[in-house]
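In the two assemblies presented below, subunit A is common to both, partnered first by subunit B and then by subunit C.
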Partner chain A sequence: MITVIARRVLTLVPVLIAISFVSFLLLALIPGDPAVVMLGADAPPQALERLRAQLGLDRPFLERFGWWLWSAVRGDLGTSLYQQRSVAVMVMERLPVTLLVCVLATIISVVVGVSLGVIAAIQRNRLTDHVVRVLSLVGLSMPDFWFGLILILTFSIRFPIFPITGFVPLDRDFFASLQFFVLPSLALGLTLAGFLTRLTRASMLEVLSADYVRTARSKGLRARTVVLRHALGTALLPLVTVIGLNFGRLLGGAIVIETVFSLPGVGRLIVLAINQRDFPVVQASVLYVAVIFTIVNLLTDLSYVVLDPRVRYS
Partner chain B sequence: MSDVYVAEGGFITHDCTSIPRKPRHTTNKGESMITLRRTTARRRWSGVLALATLLSTVFTVAQAQDVLRVATRLDIANVDLHLTTNFDDRLPLLAVYEFLIGIDANGVPAPVLAEDWVWADDGLALTINLRQGVMFHNGNEMTSADVVYSLERVRNEGPRSSEFNQVTEIVAVDDYTVEIRLSEPTAALLGALANPIAPAVMVPEGEAERQGGTISRPIGTGPFQFDEWLPDQYLRVTKFEDYAVDDRPTSGFAGRREALVDVVEFRPVTESTVRAAALENGEVHIASALSFPDFSRLEGHADVIVEMIPSATFGDVRFGFRQGAFADDVLLRRAVIMATNKDEIVEALTWGQGQVAHSGIPFFSPFAVGIHEVPETYDLEAARELVAQSNYDGQEILISYTPGIWREMAVIMQSHLADIGINTRIDSLEPGSSLQKWQTGAFDVFVTGLSLRPDPMNYYMPFWHSESTTTGYSNAEYDRLNEEALGETDMDRRIALYQAIEELRRDDAPWYPLVHTTETVGYSRAIEGFEPWSAGYLNVWNVSVP
Partner chain C sequence: MARYLRNPLNVAGGLLVLLAVAAAVLAPQIATHDPMRIVISDRLQPPSLEHLFGTDVYGRDVFSRVIYGSRISIRIAVIASLLAFTGGVAIGMLAGLAGGRTDFLLMRAADVLLAFPGLLLAIGISAALGTGETSIMLALWFVYTPRYARLARAASMQVKELDFVDAARALGSRPMRVAWHHVGPNVISPLVIQASVYFSEMILAEAALSFLGLGAPPPTPSWGNILSEGREFMRLAPWISIFPGLFILFSVLGVNLLGDGMRDTLDPRKG
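The block that comes next holds the complex of A and B.
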């Protein structure tokens, strides 16, 4: 088991280098020059030249990537072109915000999605099933940023429960900070829940018609025991992969939702950095997000061992 | 980010109630349906309301009375104003820093930290007398040494260094007198000192070096001092107790600017709808740059005033001279201008609240007289005729633009050009790429805008003089007239020269102005002293939260 994990972690290295290279390449390929963005349309050419040289932008692409990689290996991700601060610090300040939104949204999507899916499966083709189907389709087809705005209009204006500006940092006052996470997590979580509902229902129906479930029923076990103890565990297995993959989608979706809710997360940092052509910040943010996503994938794979006794890694 | 992105400012102010409203699409039937829906909604929401009350007691944060909270569009990126042209940086920080000479409400240079100024008879020296007893936030008094240091830094390191080309020397005559010596007379020096883009604000001597080369903790002389900046969360400034109040009447950045609250908190909120929502539920007192849907939703609101006023910023169209069909074809350029229905753009883009821009300088400028007030001709038939006489052979023309409101202008322009048989395609770019296009001149035609600048020279010269333009435009007469106007210190002769320049612009048609956009701002009825300004800056000074 340990060797499996070690091997998987090692394979992350080339993956991360490849991701860094691609994002570096993309930034080099798109037009737009940090010096121009920093100095603006009025800037004279001499000032631009001076700044370019100062930022090292006049050197060839591979040389720049080489330097970046070599520094990154030594743990130095560079400083922001704009703010003259360590990008590692800038990203780490914001990462908890993005992660918390994603984790809360995952929890919400799983709790809501699985419960509705199970209920729909049990009540198959009855009114409840139809209602759940409509709800999940609404969730599936609703853009999260739009739903976010609806939540703001409802729970910040119509019923002023949650504030929408004036974010309190997590490390200053955790509970005061939490209130800023409720609506964004709901916006992301509930839109994702629709998908999980559909999936749980399908998976559950399949399991409920399996032989061992019939056996359990014929033993005279209570319906609830059959569903929760015998069927649910098996039905959830295919969901684990989806939840892991969803996390990646959430990291992407966080960019939009952070903008709508003015949350100081990594997503907003990336968007701003791309607009400003602040290369070191983009590189570091992409790297951190890639690390998180690959770790979540690894955990997803490993969780099978725990959840399904038939799966063995060797 | 550059200044060209920014829509700002406005001149005529009116209370929202007096603004002509668009007819609302509500019929009697519609209204009754809304009432019905509301009743059922109320029943459904009663449970939520109970929960709401419970939660809000849990989550209520105590908020002090003397805090003024402002929702801005974007966070600041750089607090070293000498080096940044980004509008969103200076929007909050011009409450912390102050000009020697700054623009007044009409965009004209006026003394701020200067007591007054005197020109030498030969026009080769400007002597500026400083106000005495002005304190920096570090506790030291501002003297001529600080002024010389700040001006030298702007002149040597700032992105607008070329505006100070004629300056040979900046000398401290005594503690409260500074002399700026010139190699040749220039009328634009006052404008260069007052230009809010990468502004020449006063910082203590040696401050940048003390902070490691660039300024990361702003120290100015303004009514508010820098307290804390948490990126993407807030920028907080506090009242500066030792502020030297200027007793002259308030106008723009000049005159009395007093801190009447203890704290101002600027919160960056990207979405206009969310800024409006935060204003509506009382989280912020001022919300800048609201979109029209949010403006109309808040109109007549019990707690909020919204104002939409013509901005100092206007959109303009710039032809490319390095590539494309317009480069060598003045007839085609004139045809495009003649086919542009500016009234329609005002209607479509600003819901009739903006204003047509006739000339290359804003309508309120003291220079905007004579030809500057004459509308450019709109005549489709004549435009079609011009296209027929031109070299245009049906090729596709690429319309580039600066993202934001200018994109919509590009789209309207596309339809105008279709009317006279010119094929176009919109060149969709994000901000960085678009700026790169402008900077390299790699475009057929470029739609963008200009925010408030203090001198007519700023509008006509840097972008179009053959030595500094990125477009490739070169016209000896245009260069000569601009150089002459720059060196002319007599106001009447200068006005005449800028009329000649405007005439030449209309004739040779390298670029043309479109419309003044709008400045849309909302603020709480609970605050006193706030007044929207055409220049787009928010006066957080002289504002109280009773």
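The block that comes next holds the complex of A and C.
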């Protein structure tokens, strides 16, 4: 098992290099002279010259990438054009907020999605099933940021339960900070739950018709035991991949939701940086988030080694 | 077809999509006001018979703006879908049929793009290209092409093993003819269902991108930018954000119901 894991971790290296190449390419997509785009057409020529040198625009393309990659490996992704600070530090400061939103949303989506999916499967074609199916469709058709606005309208304006402005940093007072995370996580988690509900229901229905479940039933076991002990585990296995992939959705969704709730996470940083045309910050944030997603995918893959005895990764 | 229409949900899905398309095509006929016209004295009016969805901070009619906004959202999703579908199918079939090094290189390239969360990559690309409708379209094209390519590759690898393809090849058909006449049609049909899923994702992504200010610049209305303008007035005038969101919700719901219906009709075992 250790060699399996080690081999899988090693495959990360080319993936990470390729990811940083794509993030690096983003700068090349900028039409015209990136220095002019970032600083504006009326910037002093010396400043433009300095920025071109800083971005390495005067050197050949591959050399520039090599240099960028080498700095990135050492944790240096450049300097923000507006704050004169290390971009890597700025992103790292804000990463915990984004990750916490995504983790909370994952928990919410799994708890809600799996329970509704199981209920719908057991009550197949009855009223509950139909209601759950419509609800889950509505959930996955809803823009999460709009749902966030509706939550603000309901739980911050109409019934002022959660604060609408301000923020308490996580490391100052964790529990006071947590109240700022409730609505954003719900907005992301509940819309995503629709997706998981449908998958759980389908997977559960498949398992419930399997032979071994019929055997368990015919042994006279109680329906609850059959569902919880025999069916659920097998039905949930394929969901592990989906939960991993969903994390990517959440990371994307968090960018928008942080803007809605003014949460100081990486998403908010990206949006601010885009508005200021602070491209090194955009580039670094994109790279960091993609790296996190890659790691989550790796963990998902590896969890099968632990969870599924059939997987031996020869 | 009769079987498809038997389920009321499928009919509802079809109707919702029809309504959204009608809103986009017939916007000048449906809109009750000029979506750009500023009437400061009418600012932040609640919904009424005169202004069905109320007015925004410049006194513009939100209903008319939302109707006109559907044009941009649907246009972007349709064009980006067509581009990504054709590009993805071409790349996927090339990889699947050619195999070997071509397959390896194309699929590794796809893997790299898929290693980015879709919305994040779309944001990065359209931010680099500059704001506007075209850059969102290109970004979504870029993000969805590898998704289609993977599916098309898997499908064409299955199809190329089938007897009728062997037969065509044995009869001396050229590779291009085999690909176009024999493999292509069988690759495309399963992808059409997936296309409805991607189409609805694109509508949501477009809304998110223009909510962040990466889309068509104001005063041109799009669902996303009306929502984002309304965000500042949630307390005073919640209708500005509520209605465009409902429009997004119902159009995406329509597409999803339509896709579900197609799947159930073509594959009656599931559902």
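One rule holds in what follows: the second predicted complex is superposed on the first by the 276 of 314 C-alpha atoms of A that agree within 3 Å, B and C clash if a C-alpha of one lies under 4 Å from a C-alpha of the other, contacts with A are read in each partner's own complex, and residues count from 1 in each chain.
The working rule: contacts are C-beta pairs under 8 Å (C-beta built on N, C-alpha and C of every residue); 3 or more make two chains touch, one makes a residue touch a chain.
Keep in mind that what you see is a predicted model, and the values were worked out from it rather than measured.
When the two structures are aligned on the shared chain, A:G78 is found in touch with neither subunit B nor subunit C.
When the two complexes are overlaid on their common chain A, residue A:V22 makes contact with subunit C while staying clear of subunit B. Looking at the shared chain after the overlay, A:Q276 reaches subunit B, while subunit C stays out of its contact range. Using the contact criterion defined above for the overlaid structures, shared-chain residue A:T165 touches subunit B, although it does not reach subunit C. After overlaying the two complexes on the shared chain, residue contacts for A:I157 are found with subunit B and with subunit C alike. Once chain A of one complex is fitted onto chain A of the other, the partner contacts of A:P31 extend to both subunit B and subunit C. Of the two partner chains, neither subunit B nor subunit C is touched by A:P96.
30-31, 37, 149, 152-153, 157, 259-260, 274-275 are the residues of subunit A that lie in the contact sets of both subunit B and subunit C, per the superposition on chain A. Subunit C contributes residues 108, 111-113, 115-121, 123-125, 127-130, 200, 204, 207-208, 211-214, 227, 230-231, 234-235, 238, 241-242, 244-245, 248-250, 252-253, 256-257, 260, 270 to its touches with subunit A in the complex.
If you check the complex, the residues on subunit B that touch subunit A are 1-4, 45, 48-49, 51-52, 55-56, 59, 61, 69, 71, 75, 77-78, 84-86, 159-162, 197-198, 214, 216, 230-234, 265, 267-271, 273-274, 277-278, 280-284, 429-433, 435-439, 448, 462, 468. The residues of subunit A lying in touch with subunit C in their complex are 15, 18-19, 21-23, 26-27, 29-31, 37, 137-138, 140-143, 145-147, 149-150, 152-153, 157, 202, 248-249, 251-253, 255-256, 259-260, 270-271, 274-275, 279, 282-283, 286, 289-290, 293-294, 297.
Residues 30-33, 36-44, 47-48, 82-84, 90, 93-94, 149, 152-153, 155-169, 176, 179, 259-264, 268-269, 272, 274-277 of subunit A are the ones that touch subunit B when the two sit in their complex.
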